[in-house]
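Next, two complexes with chain A in common: one pairs it with chain B, the other with chain C.
Presenting the complex of A and B:
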């Protein structure tokens, strides 16, 4: 075995894997939020001219991919692999989007951890020399997620205050071996964790232990402190899950101070009434590939750890009384 | 006065429903069926009709009234035709509501083409 693997979870990406281009498209509610200037496109309505919300989500992912590729003047066939995942059953958004790209396609499912799962895999492909350009994409749509996981939107289901709001949007990134940009330097693959929570509206709490576990593996195996990073973000824990992750880390003597935040808490203003914050694949994608990517490029940030978090339940598993397993993967992005 | 009573009693039904949402992990489905069954049980012992006499629409409008009507229909048919009346009478009093729900649901779907 080569020495790129550190501990049981972490991999050092030795040969450069650059996050060369990104494309971020947001929904209308997200466009009214504080990060709106960092999105490449904002949709005016939730339908986006399509006949179903599932098709609208496909439009989001396809647009994000097109934007990312166009920034590098790349055509749809100019990449070596397309890695994508979403939240819908059988990841159909990704599957249909892959039809647009005549290259090898790998569908992934880590729920809302899709972003870092995709970025990590893409970086490994590049570092391993198995390709020079990988397109990674993920998406979520509030209404398609509501329909699948909860109730029809027309039903007007009343959510508890600790529930979160699925973010409408998509993010795509082109990872290359040649076009210099912020680099993916390490990947820490997290383990699935079952915190025993059965309430599907408490996903932030269900995922916090997985996020804490991934961060612990990352800091311990690389023997670094949280202070090493300018910014540490979890994907979509929301305000309560974020608090829980911070407490769990404190118990293990790692202090997550002012350099820690959660993507789900950044996307909306408080008056937008999203409960504990944003959730969904697009939560980490919009913030990481939009706001954080810009700040990395401008040199405002130099070392960032992104820990996207996914709840691995299905409506069926919840109806059958199972608790909610969760997973989180950490990817560090640094300026050279 | 009867408007006030309807408002207060109907409001109390809603308070119970809200408390069930806030204090338990019940889903809307659980609350809906619990209200229907509770209305049926109260109807079975004859209390629900008294509540309707007292509060009017405050008691006849909530879904518990549907449970009451199911049970009343079944019981009156059972009294007339024996056990088989439970089956034939169940929707005797509620057929208007059930049919209206189907027809208006259909019309709303045709006009608004729901996507959620």
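Presenting the complex of A and C:
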């Protein structure tokens, strides 16, 4: 019965779990970025006609879900489970969005690792035969994150160059057992790692060890090397966190070469002033379910490893002087 | 604490922090200081002009300082409300933060931000989220210095 479990972290998804449909909605700044053609929708402003940024983020997630379902001509009740997570206190965006879907709901929190946490759980539900369609969604909004984690949105201060910019957007995916598409083949569940970093403006460096650890488990347990994949992406380490992850992997003799990049570094142009790159749940969601998903479908990519990374701190834990724990989960998506 | 760093990558927390420091870009300190000095200086120059204007209106120098400060609080609040303060402050840094414009921004931005939670739980209680400690420690310092000067 345990034959699908390899090592202590990795699970092989033996019976097919297809990433059948995706829906990606981006904010206005993201819409001006280089990947704009891969988004199903781009919002014109940050408010999106809602009274608060929290409500705007709900709109993002609901729209992403609707788009993903409509691509498969599925109604809101046509799925077996809804798995969702976001960054706001008590994951309210996901909770309110779940009200729209009359199916069993599981709220998850892995911070910005929500995407792969959701995809991995969804794939396990399908592979285990506990359902045939799972809807997975995650979102983040620059202003709702900013006001919860940092300062009021209109407060003026100088951001350091290594700080990152929370991506506004949402991604949703329908994983099914029947509609052929790129397949989720393995999931590597990462461990929480304490990097010792206490600076909440330096999340990339706080998460890099967790990302490297998850990749290490993945490569070791499956006995493959990074060259096996056409593309390896981490979720939101940013420019400097990405270099750190690469260096950490080098210490264990795994070379992350030209096939490695970070979602946070892909969403914006350099002139968009986002510091070291994008962050937030939407960082990995927009790139993976938008750009990478299209390239997988077109056959430009065949084997991709997505390692979404989450920082598990809160403003309270930081004010109380605790360092920032982080977690990362890796999901491989391959064409058959 | 950093069990995983040690086990997986043979790094102590200290060694990892050194690695991070090497990667981090250095903040452009000289540029930031020059920009802050010039922008802060311009605000002070403007302040002097406004002060002179009020003195010209017949106020004494001491009396004129109150409407001058009020004018800059208004200016900071207006720029915050128009959504330009944070964009300017991204470049000017301490130049706009240290004068009373920064104080106005910290209060106005918090009041605007938490308006959505209503007037009591939002505006009223969150308005001094950032400025609160400035006020508390400002008043405390003034009290201590006042006491010292009274004794001397």
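In this text, the second predicted complex is superposed on the first by the 335 of 336 C-alpha atoms of A that agree within 3 Å, B and C clash if a C-alpha of one lies under 4 Å from a C-alpha of the other, contacts with A are read in each partner's own complex, and residues count from 1 in each chain.
In this section, contacts are C-beta pairs under 8 Å (C-beta built on N, C-alpha and C of every residue); 3 or more make two chains touch, one makes a residue touch a chain.
This is a predicted model, so every value here is computed, not measured.
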Partner touching more residues of chain A, whether chain B or chain C = C
Partner chain(s) touched by A:271 [first = chain B, second = chain C, both, neither] | neither
Just chain B (first), just chain C (second), both, or neither: which does A:152 touch?
-> both
Should A:52 be classified as contacting the first partner (chain B), the second (chain C), both, or neither?
-> both
Examine A:160 and indicate which partner it touches, taking first as chain B and second as chain C; both and neither are also allowed.
-> both
Shared chain A contacts, counted only where both chain B and chain C touch the same residue | 51-52, 147, 151-155, 157-158, 160
Note which residues of chain B are touching chain A in the complex, please.
-> 21-22, 25, 28, 114-116
Over in the complex, which chain A residues touch chain B? Could you list them?
-> 47, 51-53, 143, 146-147, 151-155, 157-158, 160, 198-199
Note: in the complex, chain A contacts chain C through residues 51-52, 147, 151-162, 191, 193-197, 202, 205, 209-210, 212-213, 216, 240, 243-244, 247-248, 251-252, 273, 323
Sort out for me which residues of chain C touch chain A in the complex.
-> 1-5, 8-11, 13-14, 16-17, 19-20, 23-25, 27, 32, 80-81, 83, 85-91, 93, 96-97, 102, 105-106, 108-110, 112-114, 116, 129-130
